[in-house]
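After this come two complexes, each holding chain A, first together with chain B and then together with chain C.
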Partner chain A sequence: MVHFKIQDVTFAYPDTTDRPALEHINLEIRQGEYVTVCGASGSGKTTLLRLLKSVLTPHGTLSGEILFCGRPLQEADLREQSSKIGYVMQNPDSQIVTDKVWHELAFGLESLGYDQKTIRLRVAEMASYFGIEHWFYKNVSELSGGQKQLLNLASVMAMQPEVLILDEPTSQLDPIAAADFLNTVKKINRELRTTVIITEHRLEDIFYASDQVVVMEKGKIAAVDTPRAVGAFLKEGNHEMLAALPTPLLVYYGVEEQKNSAPLTVREGAEWLDTFFADRTLKVSAYEAEAPYEEDEIKDPAVEVKELYMRYEKNAPDILKGVSFRVEKGTLFAIVGGNGTGKSTLLKSICGICRPYSGKVKIFGKRMEKYCKGELFSGNLAMLPQDPLSLFVKKTVREDLEEMTTGKNKKDREDEITRIAKLCQITELLEKHPYDSSGGEQQRAALAKVLLTQPKILLLDEPTKGMDAIFKKQFADILKELNNQGITIILVSHDVEFCAKYADTVSMFFDGTILTTNTPRNFFSKNSFYTTAANRMSRHIFENAVTDGEVIELCQKNL
Partner chain B sequence: MRFDNYHPAIELLYFTAVFLMTIYFDHPIYVLISFVTAVIYSVYLRGKKAAVCDLLLLAAMAAYAIYYASYHHFGVTGLKTNFIGNQITLEAFAYGMVTGCRLITVLMWGSCLYVLVTTDKIVFLLGRISPKLSLYVSILFRSVPQIIQQAKKIETAREGIYKGIRQGNAFERLSHTAGVLSILITWTIEDAMEKAAAMKCRGYSLKGRSAFAIYRFDNRDRSLVVAMAAMLTILFMAVMFEQTTIYYDPVIVMNPVTPLSVVFYICYVGFLCLPVGLEQCNCKYYS
Partner chain C sequence: MKHIFWQYHPVIHLIFYIGTVLSGMLFMHPAFLACSIIFSISCYMTVAKEKRRFLSGMLLVFLLLSVLNPVFNPSGSHVLFTYMAGRHYTLEALCYGMAMAAMFVTVLTWFASYQITMTSDKFLYCFSRLLPAVSMVLTMVLRFLPLYGRHLKKIADARKGIGKSAENGTLKERTEDGMLLVSALTSWALEGGMVTSSAMLSRGYGSGSRTSFCIYKWRGKEKCLLFAMLADIVLIVYCMIKGGAFVSYLPVLEIADLSDGYRMAGLIGYAAFLAIPTAAYVMEEIRWFILRYRM
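Up next, the complex of A and B:
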């Protein structure tokens, strides 16, 4: 059975003179399929998804036809659409309506007017299937981001929909919670035959499981096919979305010519490398080793932290338990580690938002306490928070940037803004409301705002969260440029791939302290779980290869 | 069986009765019973903290009695003449003590109520009146803390660029605060719109909405209601026999204490000890 049939759909938002948001879309989604929609920000993914549920359809002019189960979508009333088409949105927090987990699970069923007995059973079923029993009675405010998004999924699934639509559901989650969530979605698709339509940045976790991959580009469908065929298509056209593909595919396309048996997972990638080297002799088996990182050699550190201890309340457990490290000037210092281990607290302690009860923080060799009020933040330190949105307070990005300028006359200030906007590539956003831009754009605008304080040390908290592969590349370029200008960057992240590619040093943070610091290559090639996909798929053949580029290079040397 | 596991309607009935009786009964023995049981229950629920709190309240009661006796001069048994020549009387002092005691006892019962009655129960009880009302209250319980949390988040973020509400000179602080407040309003509206979309997605606004509750009214709830009704009937008899109130003005006059009065006292103790008793008789299975 065909669930959705989209016939020649064109959609334009009101008051836009440029191209329509969607142009001539034709798509067929069969029952039980797992469909991944990918594309750069602003390519129309969300608009397409929203058209599939009438209550979410934005204002604008729509032509063409959308058929749901063989009849026009508009003919299905609110009751039918509510129960048959489930929709999970991006932000876990803003979808939860009530204050208790059990009430949230029952919300949709209450709307449909079921009686107590039916709701009780359905809610019990959902709680058991999704493993919610342990936090069934909790306040939703006590849940972690991953639990909140799982609750959103469960409360939609309680209505037993036939189609599940997910719009970047994991963009606000850390990688482990994201993988858990996506696995649950896969399980639903496999066990219940629920049709899944999903947009995602993190293709690694869903690409291989998809039946169809839709590539969107500027409001049009560039390709619809199986994952391998789409990979081949992107490679052929050297498409910008190529960077978003899973590492095994990227390595494969960097080496092989034939496109039909491409590996999609790390396991397949490792197997492919085995067959690739089965009849070749291995001439070069290791990427050049780097000298081990010696922290003591740093003469004049930008930031020096000595045995920092910190807790939030008198009787609370210690969050930081004797953290010590030194950061060399002009480098990108990355701190990786799990959720809730205290990485953000560490950043807050470095810039004085949190007060450690023991230990020293030295900024440019001077104790933090010795800096007088405000001196620390004017030209020395600045921090970019995890949620970039929380920095903005004005109606346009430009006004927000003006809040930070220090120049004497108007001309100076405008020059300052123009320069920073150019650096962060946000010139065309300046007149927009900060809340109206996409996640990646907000992140860059926030960076611009922070940079206007002209810091010599920049603290970044999870900057790549919710960014697509293309934005990440641009963001890394900006950071590199800042490093070249002599700015020291300390970055806290879950994003192993990003740190491996762009950081100068990587530190492992665990249980309130930094366990080890090393160069990315030494760091990741020594780990076997907490490391990059490229390293995991190639470690049985190559030594020291950490990024996809390095694996490709080694393969080519052995050709 | 824990008392807070019973149906919320029972808790509502119980506490309504307790409050009414504590307020209206001014017979010293009844006042004393209510006071002692309230101390026991509050310490049982909240431990050391409640004990300290109760002691402070006791001091407040004494203060109230002294205040009352120094400004009200009814009664015939003079104790002392104060410096402007007014009589401090035994009757006024006694009445002050009793009133003060009732006042603090009500506060103590209130602190127990606060521990027992969670937002779930309020939402549920309101839902009996109107499902819509209970949903709105539930949304309120979700949104208000969320807005406060967002405000904190914005503040922490802006402290990282020296725009916090406690950073800069007085004028700057004011403008920083105004900035946070204005964006908080924008954020709240944005968030409400997204919430509305999420509600619509799950069929909100359809006719015939039901209200789900995790509470059931079992036989154990029924038997407790019967027991409570029996005790309340006996106490109602006490009221009819004028056993629960006495006169303080101009002299202290009370009905004589008969064997029946003792039955009433025991019944009152029994009713007020119900929650602790229920939990205690369950504890023996776990000792």
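Up next, the complex of A and C:
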């Protein structure tokens, strides 16, 4: 059965003079299919998904026809669409309506007017299917981001939808919670035959499971095909979305010419490497090793942290348990580690938002407390918080930036803003409301605001969360440029691939302390779980290869 | 912490609290007061974590109110002593003060345990049947107020991290900063509200008449308990109608003894009613003691 048939759909938002948001879309989605929609930010993915549910359809002019189960979508009333088409959005917090987990699960069923007995059974079913029995009675405010998003999914599934639409559901989650969430979606698709239509930045976890991949570009569909065929298509056109593909595919395309048997997962990638080297002799088997990292050799650190202890309340457990490290000037220092281990607290302690009860923080060799009021933040230190939205307090991005300028006359201030806007590539956003831009754009606008304090040390909390692969690359370039200007960057992240590619030093944070600090190559090639996909697929053949580029290079040396 | 009684159906809890607080305010008879003070405190003891501070505070309130009442009210026939050029300090006024203080303390103690045991969802459940729309709004208020509070802290922290906090600034600076925070929070809340309303619509809100789901179920035992409670209430009301609540402290003490049948019945009903949570707690302890002993 065909669930959705989209016939020549064109959609334009009101009051826009430029191209329509969607142009001549034709797509057929069969029952039980897993469809991944990918494309750069602003390519019309969200608009397309929202058209598939009448109550969420934005205002604008729509031409063409959308058929749901063979009849026009509008003919299905609110009640039918509510129960048959489930929709999960990006922000975990704003989607939750009630204050208790059990009540949230029942919300949709209450709206549809089911009786007690039915609701009780369905809620119980959902709670056990999603493994949420042990937090069933909790307040939603006590849940982690991953649990909240799982709750959103479960409360949609309680209505037993036939189609599940997910709009970047994991962009606010850390990689482990995200992988968990996507696995649950896969399980639903496999076990219940629920049709899944999903947009995602992190293709690693869903690309291989998809039946159809739709590539969107500037409001049009550039390609619809199986994952391998789409991969080949992107490679052929050297498409900008190429960077978003899973690592095994990228390595494969960097080495092989043949396109139809490309590996999609780490396991397939490793197997392909085996067959690739089965009839070749291995001439070069290791990437050049780096000198081990010696923290003691840093003579004049930008930031020095000594034996830092911190807890939020007198009777609460310690969050930081004796953290010590030094950061060299002008480098990118990355701290990786699991959720809730205290990484954000560490950053907050370095810039004085939290007060540690014991230990020292030295900024350029001087105790933090010795800096007089305001001195620390004017030209020394600045922090970019995890949620970029919390930095915006004005109506336009320009006004927000103006708040930070220090120049004497108007001309100076404008020059300053123009320079920073150019550096962060947000010139065209300046007159917009900060909330009207995409996640990646907001992140860069927030960075611009922070940079206007002209810090010598920049603290970043999860900056790559919710960024697509293209933005990530640009973001990394900006950070490199800042490093070149002599700015020291300390970055807290879950994004292993990002840290492996761009950091100068990587630290592992666990249980309130820093366990080990090393250069990215030494760090990741020694780990076997907490490492990059490129390393995992190639570690049985190559030593020290951490990024996809390095694996490709080694393969080519052996050709 | 929450023993068996508090796992019962919320309607039982609501009836219990309405009954205790109302009758606690009506009965001034010393025997009734003694009952209510003993059981309110024992009920509080079984649910509260921090007991000592509250109870010592209540004792202080009790003593102060009792001792001070005769100072403001000199009427009464038995003069204990005179002070300040002949002003009387009478036994009747002291007794009246004690009775008032006991009533005040019990009502406060009932409210203290109410605070601990009646969580928002129980309260909402009791009213969702009567006022479904209002209870939905209340649920959302309970959800979103704390959320806004947390986001406000986030914005303040973010501004601290770029040196824009006005924490140590002048009054004018702090006011301006506060306004800025509130306006930022408002935009954020409106933005979030759009998502929330989409999420509600997409789950069929407004597609027809709503039902209201509850996780509580009437068990056989609870029905019996409810019946017993109603019987107690009948006894209490009967006693009140017959004038059992009448007692006079001023100007002369007029306290009827318990020989009247209706007053005795009322007292028994009253004690049985108030003792329910305490009794449930004690019985549960005993049951566990025996079970453990047998193992």
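Everything below uses one rule, namely that the second predicted complex is superposed on the first by the 559 of 559 C-alpha atoms of A that agree within 3 Å, B and C clash if a C-alpha of one lies under 4 Å from a C-alpha of the other, contacts with A are read in each partner's own complex, and residues count from 1 in each chain.
The rule we apply is simple: contacts are C-beta pairs under 8 Å (C-beta built on N, C-alpha and C of every residue); 3 or more make two chains touch, one makes a residue touch a chain.
Quick caveat: nothing in here was measured; it's all calculated off a predicted structure.
K.L.:
In the superposed model built on chain A, check whether chain B and chain C fit or clash.
P.N.:
These partners clash in the superposed model.
K.L.:
Of the two partner chains, chain B (first) and chain C (second), which one does A:L554 touch, if any: first, second, both, or neither?
P.N.:
Once the two structures are laid over each other on A, A:L554 reaches no partner at all.
K.L.:
If you lay the two complexes on top of each other, which residues of chain A touch chain B in one and chain C in the other?
P.N.:
53, 55-56, 78-79, 82-83, 86-87, 89, 91, 93-100, 102-103, 106-116, 119-120, 123, 140-141, 152, 155-156, 159, 348, 351, 353, 373-374, 376-378, 382-385, 387, 389-393, 403-404, 435, 449-450, 453, 459
K.L.:
List the residues on chain A that touch chain B in their complex, please.
P.N.:
53, 55-56, 78-79, 82-83, 86-87, 89, 91, 93-100, 102-103, 106-116, 119-120, 123, 140-141, 152, 155-156, 159, 348, 351, 353, 373-374, 376-378, 382-385, 387, 389-394, 403-404, 435, 449-450, 453, 459
K.L.:
For the complex, give me every residue of chain B touching chain A.
P.N.:
Checking each residue of chain B against chain A gives 119-120, 123, 131, 135, 138-139, 141-142, 145-146, 149-150, 153-154, 156-163, 167-168, 179-180, 182-183, 186-187, 190-191, 194-195, 197-214.
K.L.:
Taking the complex as given, what residues does chain A use to touch chain C?
P.N.:
Interface residues on chain A, with respect to chain C: 53, 55-56, 77-79, 82-83, 86-87, 89, 91, 93-100, 102-103, 106-116, 119-120, 123, 140-141, 152, 155-156, 159, 348, 351-353, 373-374, 376-378, 382-385, 387, 389-393, 403-404, 435, 449-450, 453, 459.
K.L.:
Could you list, by residue number, the parts of chain C that touch chain A in their complex?
P.N.:
120-121, 139-140, 142-143, 146-147, 150-151, 154-155, 157-164, 168, 180-181, 183-184, 187-188, 191-193, 195-196, 198-215
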